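There are structures below to look over.
Across the two complexes that follow, subunit A remains constant while its partner is subunit B and subsequently subunit C.
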Partner chain A sequence: MNVSASSKITNLQYILINSGLQVSVFFLALPRILAEQAGTDGWVSLIIGWMITVAASLIVVKIMARYPEGTLLDLLTHYGGKWAGRTAAVCLLLYLFYFGYSCLVQTALITKEWLLPQTSAYMIILLLLIPTYIVAISGIRIIGRYAEIVTLVSLWIPLVYLLPLKEAHWLHLLPIAGEGWQPIGAGVPYSLYCFLGFVSTFIFYPFLQNKSQASMAITVSNSLTLLAHLFVTLVCYVYFSPDEIREYNEPAINVLKIIEFKFIERIEVIFIAFYLLVFSLGWIPALYICAYCTNWLRNTQAERNHVRFFCLLLAIGSFFFIPDFHQNEMIEQIFLRLGILIEYILPIFLLLYVSVHDRFSGRKKA
Partner chain B sequence: MRYSSWFFRKKYRTLPQTKAQKQAHTDFIDASLAQNLVVLQSIFTHTPDLIVREFTIKHTGEPAALVYLMGLVDKSSINNNVLKPLQFDTDITDTDGSFRLSIGQILRLNTWPLVENAILQGRSLLFVNGRLETFALDTQGWPQRAIEDPAIEASLKGAHQGFVETGTQNIALIRRYISNRELKMKELTVGLRANSAVSLLYLADVANPEVLQEFEDRIKMLDVDTVINTGELAEYIEDNPYSPFPQFILTERPDAAASQILQGRIVAVLDRSPSVLVGPVTFTSFFQSVDDYSTRWSIATFIRLLRVFAFFIATFLPAFYIAVISYHFEIIPIKLLLTIGEFRGRVPFPPFVEAVIMEITLEMMREAGVRLPAPVGQTVGIVGGIVIGQAIVQAGLINNIMVIVVAFTAIASFILPNYDMVAAIRLIRFAMMIAAAMFGFVGIIIGMMTMIGHLISLESLGTPYTTPFAPMRFADWKDTFIRMPVWKMRKRPLSARPIQSTRQVDNHPEGDGK
Partner chain C sequence: MSKCWLHVFIAISVLLISGCNDRLDLEDAAFPLLGGYDLDEKNNLLTYVTVPEFSKSARKKTQELGVRAKTLQQARQQSDAYWPAVFQGRKMLVILVSKRLLAHVDWFRILDVFSRDAKNPLTCRMIMYDGPLSEVIYLNQQDQPFLPLLLRGMVDTKSGRSETVKTTFQDMHRLRFEKGKTPSIAEIRLENEIKLNGTALLDHQGKYADSLDAQETILLQILQNQAKHAVSLTLAIPGQAKRGPLNTDKLSFSTNKAKTHIKTAFHDGHFQFDLAVHLSIALTERLFPYDMHHKSTVLEKAIAEQLKKQFEGLIGKIQSHQIDPIGLGIHAQAFTYKPYKKVEDQWGRALSEANIHLSVTVTIEGVGTIK
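The block that comes next holds the complex of A and B.
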């Protein structure tokens, strides 16, 4: 595959895209999910999850370094033949479409619930597709810039989360591992859930300007994600009591409810609108990768038409079916298992296969 | 392809020509003066301002004719430096057959197209009987305006010289700032019917050759009648003509243009236009003014931050008002809500209509104020002040809060230094208002996302529009929304893609210890 100089992305852009994919919608419900599994020790599982993720993503980089000029699809074609590449393309495509779709649907449902109860979720999805279309159609470089801008304009959000700390009860966090390590272990898979998305490395690696720093970049990216999640989770834990937190569907929003100024009540309404920017980092790169995969499969010139196709598919599809909250929960459950399978387990086998293959063929040559 | 001509417009155009002109254009100049004058008359039919002055050169006794267009020449120069010596001096022919005239430049032309062009450009042509060439004398002198303070880009501490309508003068004004041999020029002509000269000015050892080539190619590709104004030229050559955002800076200040050239950018001077084109530029360039560099850096930074704030106010405030009033009134504290409700209760319109009425009134007043002569313009201000300020509220058509919102918006858009950018913001404000009226905050944010998506995909001469924020270049942050002290800016901005980046060495004043 030929990557032209005009479609390269910087390491920073890559870090932000990846973190954007990982953070996206998932941080809203994360404190509750972790609290349900691991109680107030959920943040420990988060750190463990981060370690696992760093290991897994380093494996991904290791694999990609074997064939630096191509994406996973080219790599698999190189190692396993045409059909291996195609199968991978279809799998990746379906997985990321699922990823993007669940982000989009969740965003639409949250927006409807908090901001526009009168408007149909379908309408909100249509609206969200407008900027999606504009950004995704212009290619990977523009997505990188979008991630940068979104990060810049969202920098003030963490500051606002400091305000609830006035009423923090740090005692809620103690004792650490009070119920043993078993609940923490139970929380780990769920903490992996919020790190899902680094699979994008499989596609974005050849576009990186500086490949030698790829492992550094992905570690930084994962750490950024960890910081964001850890921060929000801790704020929720110290503000809500351990039992209370399970009652809210999205504690990361409810925690903002207490902030009140003389001139503005219910600041969380503004926040959710603003979060749309952050959320959009979830599905825009995902949809672009889908378009990349179909483009690769069909062997056409550019992804543009494929992006159009996916936007249209989402627009038409949502007209007929939009999951409600229960179905959405089911989607998430499936997504979690699928994600762990594809992003954490498969790369290990892939690395094994690739290194065995290299050793074998290397010996043959020698 | 049979239908290709139907799909694609004819690529090359020709101007209508009479038979005599066609013949004349292929011909060289005749030796006979009488024949030449006949051809000249056939080219310039119905041109009463074409003067043909026939006389005899005293020194050689040859019959000759001086031809020029009345308004485009300097009469005293023709009388004193051309006609007088030719008619009365006895020793005037040179050894090479030319004439010793006190005129700066004498061209020798021998074909009719060249002659035609020279006359139209304001040169005077000396035809001599028996010669197969004619002398084009540098006698241009057209009506000119004095160099004045720039009208729309006023500055407190900057120079008070603005560009005028003559390209050569404008170039001279820039050269006064950069008296360096590396300041090079590329002369291009645009326009088939009346070609206008475009000069690209740049520092040869600083400006990026790729950018220069791109700029040049785009101007060369133009096939138009003529380009009247710089804005027109900008629209022809910009990267995305469908965008409301300007992708070139138009400035009428020589100091601003010179400072841009020194940063590594390229300036296009279009003859007959009082503003010049600067490229490549970025979004943040439109929030800077020359005054920023002559005020203290902390104050300049404060003003620049004000402008960024004003940008958001001017774009989003009316939309925010609409969204709050019609969708999210729960975010307003109850006391304030009651006050607003009291005002709103009397108003018969929905918030969106209310906002549109006021914004349209404001825009109309602004336009009226711009076009009207100054004494009448003041009246517009007074009428508008009364209408917007008091009467409309008392009449119960619009509520007080809306008046405040409109006033804020207007002031915010007035402090932005670039007219083109303000115009773009005005347009986007209405789009945001519509989005807010339909979907509240969600509409505003979607509008904002769309705007961001559009901005990041814009380019100016191949340079990303939103640098240094996306793609992020921290080195350039020193002179964007903040202005660091000038001695801190040791490098030229990366957004101009210069090939020589150092602009100064350490000039930081040391203390007593030095």
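The block that comes next holds the complex of A and C.
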């Protein structure tokens, strides 16, 4: 595959897209999910999850380095023939579509709950799809720049999370591993949940300007994600009582509700409005990759039409069906299992296969 | 061409989307600033609200209303019927509860709507009133700011000097789930005028247990390590002569620094807490002659001893009611996790059997501008 110079992305853009995919909408409920499993030791699970993720993403980079000029689809075609590539394209397509869809739906539901209780979720999705369409249709480089802009305008958000620390109870974090390591272990799969998204490397790798630094970039990206999640989680843990935190659906929003300014009443409203930008980093790259996959499958040069198709599909689909609260939870559960399978387990086998294949064919040549 | 279609699409969606459907004009909204919750003789829930009245023709600046209802949402419906406007809970400043309501376990549950509906604020101050709420709500004093502002101001300024506690709805919610600490909320009484009385201590189920006056509240917050800078205490120093009706054995000081170190241990089936209180103080008032130059360390010891007695009185009160407003349970959980987990659900009782050792050290840092 030939990548034209105009569609290259810098390392920074790649880092931000990847972190955007990972952070997106999942961090709002993360403190609760971790607390349900591991109590106030959830942050330890998060760090373990990060280590696993760094390992897994390095494996992904290692695989891609075998065939630096192409995406995973080209690589698999190269190694396993046409049908291997196609199967991978379909899997990736379905998975990322699911990824984007669950981000979008969750964003719509949260917006409805906190911001626009009387607007239908369908309307919200429709509104969200307009900027999505404009950004996603412009290609990967614009998505990269969009990620940069979003990061820039969101830089003030962590500062506001420092305000609840005035009433922090640091003792809640002690003792570490009070119930032993078993609950922390139980929390690890759920902590992987918030790192899902680095699968984008499979597609974005050939677009990287500087491939020799790809491993560094992905590690930085994962660490950035860890910092964001760890920060929010710790703030929630020291602010809320350990048993109380399970009561909230999105503790990361609730923790903002107690901030009192003389000039503004519901500060969390501004946050959710701003968060929409951060959330959008979840589904915009995902939809783009979907379009890339279908485009690759049909072997055309009409990526834009495929983006259009997916936007339309989402618009029409949500007109007929919007998951309710329980269905949304189910979507999350399935997503978690699927994500671990595709992003953590499959790459290991892939790397094994690729290296065995290389050694085998290398011997044949010699 | 595609740009054109995009614009058409945006235009159509802007026209069709119902964004301003749930708009509410200020004229059509009533904002209660105070919500009061009480029980009548038959234990029916009584709900009171105080709403500022903006209309020019109204002689009074506020309107008060009390309704009987099963739940708060129902109360809202019924209150609506009295106004040419829709009720909005989002400006609530103060939640007033009566002691009668607090005599019942889990009364806090009726306030569920505050935490469930995202529009409601979580920072309204919780205040307890000792008596039927109608007395306060319909008091309508002419020469004071109106009730919600008065109460909120009282709590905010006095808690700034640690003379009461600023417990917001969110704090109550937090403490409802916290087994290692019991809630305490501000308390008012009516003695011709409304008066901030100090703090009401609640037990683990939220039931009223006891009251603290301003000085005891300060002591409590010193133990919680939450005393603000410069809290002011007055003590009687024994051995000083009382002259006539005046209490000239008294001495007052403000603290420059107040710090409590809490050491937690578990021995032979009992929790043990060592509380080491250290105060750096500046004298603000001394009504008896004293040779500060030579005997200041003696005075420091005397102050420490008096303070220790008061602290011990407070701890005795806490242990006898089987409550834990200091939050020692949180320390127990952090440092003696295993034994704490076993008694977590009866923490009040475990604490009442615990050994609590207290030591107080005082350093006088300043005596003011005269000797």
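Simple rule for what comes next: the second predicted complex is superposed on the first by the 366 of 366 C-alpha atoms of A that agree within 3 Å, B and C clash if a C-alpha of one lies under 4 Å from a C-alpha of the other, contacts with A are read in each partner's own complex, and residues count from 1 in each chain.
Note that a contact is a pair of C-beta atoms (placed from the backbone, for glycine too) under 8 Å apart; a residue touches a chain by one contact, two chains touch by 3 or more.
None of the values given here were measured: they were computed from a predicted structure.
Colleague: Contact-wise, after the overlay, does A:E265 reach subunit B, subunit C, both or neither (first, second, both, neither)?
Modeller: both
Colleague: Who does A:L127 touch here: subunit B (first), subunit C (second), both, or neither?
Modeller: both
Colleague: Counting only touches as set out at the top, which of subunit B and subunit C does A:A273 meet: first, second, both, neither?
Modeller: It touches subunit B, and subunit C stays clear.
Colleague: Name the contact category of A:R359: first (subunit B only), second (subunit C only), both, or neither.
Modeller: Neither partner.
Colleague: Touching A:L152 in the superposition: subunit B (first), subunit C (second), both, neither?
Modeller: A:L152: touches subunit B, not subunit C.
Colleague: Applying the touch criterion given at the start, work out whether A:I142 contacts subunit B, subunit C, both or neither, answering first, second, both or neither.
Modeller: After superposition on chain A, A:I142 lies in contact with subunit B alone.
Colleague: Of the partners subunit B and subunit C, which touch A:L12 in the superposed model: first, second, both, neither?
Modeller: After superposition on chain A, A:L12 lies in contact with subunit B alone.
Colleague: For A:T111 in the superposed arrangement: first (subunit B), second (subunit C), both or neither?
Modeller: first
Colleague: Should A:R337 be classified as contacting the first partner (subunit B), the second (subunit C), both, or neither?
Modeller: In the superposition, A:R337 touches no partner, neither subunit B nor subunit C.
Colleague: Shared contact residues on subunit A, subunit B side and subunit C side combined as an intersection?
Modeller: On subunit A, the residues that contact subunit B in one structure and subunit C in the other are 116, 119, 127, 130, 134, 265-266.
Colleague: Once bound in the complex, which stretches of subunit B touch subunit A?
Modeller: 327-328, 330-334, 336, 439-446, 448-450, 452-454, 456-457, 464, 466, 469-472
Colleague: Quick one: in the complex, what on subunit A touches subunit B?
Modeller: Result: residues 10, 12-13, 111, 115-116, 119, 124, 127-128, 130-131, 134-135, 138, 142, 144-146, 148-150, 152, 262-267, 269-270, 273-274, 276-277, 280 of subunit A touch subunit B.
Colleague: Note which residues of subunit C are touching subunit A in the complex, please.
Modeller: Listed in rising order, the residues of subunit C that touch subunit A are 6, 9-10, 13, 17-19, 21-22, 90-91, 115, 118-119, 121-123, 168, 170, 173-179, 330-331, 333-335, 337-338, 341.
Colleague: Where on subunit A is subunit C touching in the complex?
Modeller: Residue list for subunit A touching subunit C: 113-114, 116-120, 123, 126-127, 130, 133-134, 169, 171-175, 178, 240-241, 243-244, 247, 257-258, 260, 265-266, 268.
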